[in-house]
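There are structures below to look over.
In what follows, chain A forms one complex with chain B and a second complex with chain C.
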Partner chain A sequence: MNIEFLETLNLYMNLPFVQNAIIVAILISLCSSLLGVTLVLKRFSFIGDGLSHVAFGAMAIAMALNFVDKMFLLLPITIISAILLLKSGRKAKMSGDAQIALVSVGALALGYLIINRFSKSANISADVCTTLFGSTSILTLTKTEVNVCIILSVVVVIVYILFYNKIFAVTFDENFAKGIGLNTEFYNLLIAIVIAVIIVLAMNLVGSLLISALIIFPAISAMQICRSFKQVTICAIIYSLVTTILGLMGAIIFDTPVGSTIVVVEIVIFIIFYILGKIKGGIVA
Partner chain B sequence: MNGFQISCKNLNLGYDNHVVAKNINFEVNAGDYLCIVGENGSGKSTLVKTLLSLNKPVSGEIIFGDVKRNEIGYLPQQTIIQKDFPASVREIIISGCQKPFKPFYTKNDYKRCEENIERLNITSFVKKSYRDLSGGQQQRVLLARALCATEKMLLLDEPVAGLDPIVTEEMYNIIEKLNREGITIIMISHDIKSALKYANKILHVGPNVFFGSKDEYLKLGHGNLVFSNK
Partner chain C sequence: MKKIYLMFLSLIMVIVMSFNACAAANATRATKKEEKIDYDLVQLKGQMLYSQVVNIMEDPDTYVGKRVRLIGNMGIIDGADNKKYFIVNVGDVTSCCTTGLEFVIKGGSDKVEDYPEVGKKVRVNGVLESYKEGTQTYLHLVDTDVYVYKDKKK
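Then we have the complex of A and B:
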C-alpha cells in the first residue's frame, strides 16, 4: 500500500504544473505565516477576515469579466480595501467591527451574485466552490500568475525582514513606538497592505474562506510552545511549511481538496502543540 | 546649559475638541522630579500622551527646550495585548533603541540593552518570557526599555499601580536613583505621600490647577486637593 502512495506521488511530482504548484505553495505558506502574531495580537484578525471576503468579491468580478490573470484585478481591489478598512476602523473604533462585518458579508453576497449572473462558465457552482475553498486553483494558475506569486512572495519576505524590528515594536506597544518617534501610521498601513498581498496570494492556495486559517494557525500554534517573538516567528514558518507540504501530499494521495486538507493538517498539529505547551510549559527562551 | 526642557503654556487638553483639562502651565528643567497628581479622569494620562504627541492639544503650546520630542522615554499604563505577548525580556528592552530609518540594531544598541538590564537588576529573570513575569518585573522591563530610548527624560504613567508595598518601594528607589543620575522624571501618581517624599515639583490637574515646588504645595495645605488657580 505504501508503494502505491509513493507511485502516485512520484507520478504527480514529475508533472511540471504540479512542480510549479509546489513551489508557489511553499512560498505562499512562508509568507502567510509571517504576520500571524501581529494579526492576532493587534486585533487585526477581523481585517484579515473582511479582506478575504473582499478578495472573493474581486475574484467574482474578475471571473465575470473573463480576466485571464485574475491577480491583476484582485491585488489592487484588496489593497485599496485594506487601506480603507484600516482608516475607518481607526477613526470610528466602536463601529469598526460592524463595518467590516458589513463589508465582508456584502462582498460575499455581491460576489456570488456576479458569478451567478454574469459568468460564462459552464459549471458555476464548481467555480464558486473553487473560489471559496480553493479546491484546485493552485494547479490551474497561469504562467504569469505563477511568476507574480513568486515575485510578490519575495517582496513580502524582504519587507518583513527589513521591518521586522519595527513590526515588533508597533505590535507590542504602539504608543511607546510613537513616543520614540516611529511613524506608526505608516507601519500600520504597511502591515495592512502586506496582509492584503498575503491574502491574495493565499487565496490561490486555500480559497477565500480558509485564508484566515493559513495566516492565524501558524502563529497561535507557535505561541503555544515558544517564548520569544523570534522563536514564534521561526516556529510559525516551519509549522506553515510542514503543514502545507503534508497537506499537499495528502491532497494528492487521497484525492481531497488542497485547501481543506492543509487546514485539517494544521488543526491536528495545533492540537499537538497545544498539549505540548500545557505539559512542558513551553520552551524556555 | 541649564534651560528648561519642556514648557507648557495655557494648555487645554482633550479629545476631538472635547476638553478634559484646562489651563495647564508648567515648566520642567533638567534633573527635575515632577509629580502629576489629581483625581481619576482628571486628565493626567491625557497630559502625558499630549507631551508625547500621541494626542493633539485642544489649544495652547508645548515648547521643547533642552530635550527633543523623541528623547523622552515613556512607561505607559499596561495594555491588555501585552499580557500574553510572546516576547523575551531582551527583545522588549532593546526595542527601546529603535529609530526611524534604521532597520536593524547595532552593536551599540545591544551594549546599551545589557547595561540597562544590569542597571535595573533584571539579570535574574532576563531569560524568561515577558508574559511569565510578575507585574513588578514587567514594570522594570518596560522601564529598562524606556531607558534605552533616552538618557534625558522619563515619563512614567502610574509606575507603581498594582504593585505590593515592597516592590513599590523598590520601584521608587530605582526611579530616585535614575533621577540622581541626572534623568528628569515626570511621574503620574495617586500616592501623594510618596509624591511629596521624592518629587521637587508638583502639578495638580483638576478643576483647579496647581503647579509649583513641593514646598509651595505643602504651604497651601497638603492633602487638601482644592487649590486656587492663579
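Then we have the complex of A and C:
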C-alpha cells in the first residue's frame, strides 16, 4: 500500500502541470498571507470577498468575449473596483460594508447571467464550478497564466518588502502616519491595487467564493499565538505555505477539489493554533 | 527586517527554480522511457486525468505527433451536415468538469457501427494530430486502437 502510494505520488510529481501548480500555489499563498495581516488589522477582511465576486463578473465578461487570457481583463476591472471601494467608503452616504455587499452580490448575479446567456464555452457548468470553487483551475493554467502569476507575485512581494514600514504605519494608525507626513492616500491606493492583484491570482487557486479564507485564515491563526506585527507576518506566511501545499497535495492524491481541500486544511490548523493560543494566552483577533 | 524578507524571498525563488529545472528534465526522461506510447494517461484518474487532457488542448504543440493513451467513456457529438465526432470523455470526481478528446479509429472510418457504444468505458491509443475545419483548429487522435471494457457483472 505504501509503495503504491509513493509510486502514485512520484507519477503525479513528474507531471509538468502539477509542478506549475505547486510553484504558483506557493507564490499565491505567500502574497495572500502578507496582505491578509494588513487587511485583518484594518478591518477590511470582507473586501476580499467583494472583490473576488467582481473578478467573477469580469471573468464572465471575458468568457463571453472569448478572451484567451482572461487575466488581462480581470486585472484592470478588479483594480478599478478596489480603488473605488476603498476610496469612496469614507465619503459616501452608504457605509463601506454595505457598498461591498452591494457590489459583491451584484457582480456575482450579473456574472452568472452573462455566462449563462452569452458564454460560447462547451461546458458552462465546469467553467462556473471551477471559477467559483477553484476545483481544477490551478491544474489547468496556461503557460502565459503561469508566467503572469509568477511575475505579479514577485512584484507584490517586492512592493511589500520595499514599503513595509509605510504599510505598517498606515495599517496601525493612519492618522499618525498622516501626521508624520506620509502620503496615506498613495499608500492606501497601493494597498488597494495589491489587494486586487492578489484576488485575481488567488482565484486560480481556491476560486472566487473561497478567496477570503486564503487571505484571512493565515492572519487570524497567527494572531492566536504571536504578539508582534513581525511575528504575526512570519507566522502567517509559514501557515499559509504549509496549508496550501498540504491542501494541494491532498487534493491531488485523494482526488478532491483543490480549493475546498486547502480551506479545510486551514480550518484544521486554525483550530490547533486556537487551542495553542488559549494555552499560551496569546492575542485573539 | 528587510534582510530577513530578502533572504526568505531568495529561498522561495531557489525552490521555485529547482521545480522548473525538474519539470524540463522529467519531461525528457518520460519521453525517452516510453518507445511506443509517449503519454500514457492510463494511470491518471479523476481531476488529474481531466487536467492533463485540458493541458493537451491548451498546449497542443507539445503533444501533436505524439502517441497518447487514455481511458474514458465513449461519446458521440453531432456536428453540421450530419457529421459525427467520436470522443472519449473524461471528468473529475464531481463530474462537474468534463471534457472530451476526439479520436478516429484505425482505418479512418466515420461510421457509428465501427465505434463502441456510447457510454462504454474505453481505452484509446492514438497519435495526436491537429486539423482545421473552417477557421478553427481542432485536435484528435488518429490511427487509434480502441479497447472496450466489459461491463462489470452485478
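Just so we're on the same page, the second predicted complex is superposed on the first by the 279 of 285 C-alpha atoms of A that agree within 3 Å, B and C clash if a C-alpha of one lies under 4 Å from a C-alpha of the other, contacts with A are read in each partner's own complex, and residues count from 1 in each chain.
The rule is short, and it goes like this: a contact is a pair of C-beta atoms (placed from the backbone, for glycine too) under 8 Å apart; a residue touches a chain by one contact, two chains touch by 3 or more.
Here the structure is a predicted model, which means the values were calculated and not measured.
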Partners on chain A (chain B, chain C) - clash or fit: fit
Touching partner for A:Lys230 - first (chain B), second (chain C), both, neither: both
Partner chain(s) touched by A:Ile180 [first = chain B, second = chain C, both, neither]: first
Partner chain(s) touched by A:Pro16 [first = chain B, second = chain C, both, neither]: second
Partner chain(s) touched by A:Leu84 [first = chain B, second = chain C, both, neither]: neither
Partner chain(s) touched by A:Val37 [first = chain B, second = chain C, both, neither]: first
From chain A, separation angle of chain B and chain C (C-alpha centres, steps of 10 degrees): 170
Partner chain(s) touched by A:Lys166 [first = chain B, second = chain C, both, neither]: first
Partner chain in contact with A:Leu110 - chain B first, chain C second, else both or neither: neither
Superposition-derived minimum Cα distance between chain C and chain B (Å): 7
Shared contact residues on chain A - chain B and chain C: 164, 230
Contacting residues of chain A [partner chain C, same complex]: 8, 11-12, 14-20, 22-23, 26-27, 30, 123, 125-126, 129-130, 135-136, 139-140, 142-143, 150, 157-158, 160-161, 164, 230, 237, 251-252, 255-258
Of chain B, residues touching chain A in the complex: 49, 52-54, 69-70, 72-74, 76, 79, 81-82, 84-88, 91-92, 95-96, 98-100, 103-105, 127-129, 132, 145-146, 149, 155
Complex contact set, residues of chain A against chain B: 37, 41-43, 162-166, 168-169, 171-173, 175-183, 222-223, 226-232, 282, 284-285
Parts of chain C lying in touch with chain A, wherever the complex brings them together: 1-2, 5-6, 8-9, 12, 15-16, 19-20, 22-23, 26-27, 30, 43-48, 50-52, 54-55, 58-59, 92-94, 96-99
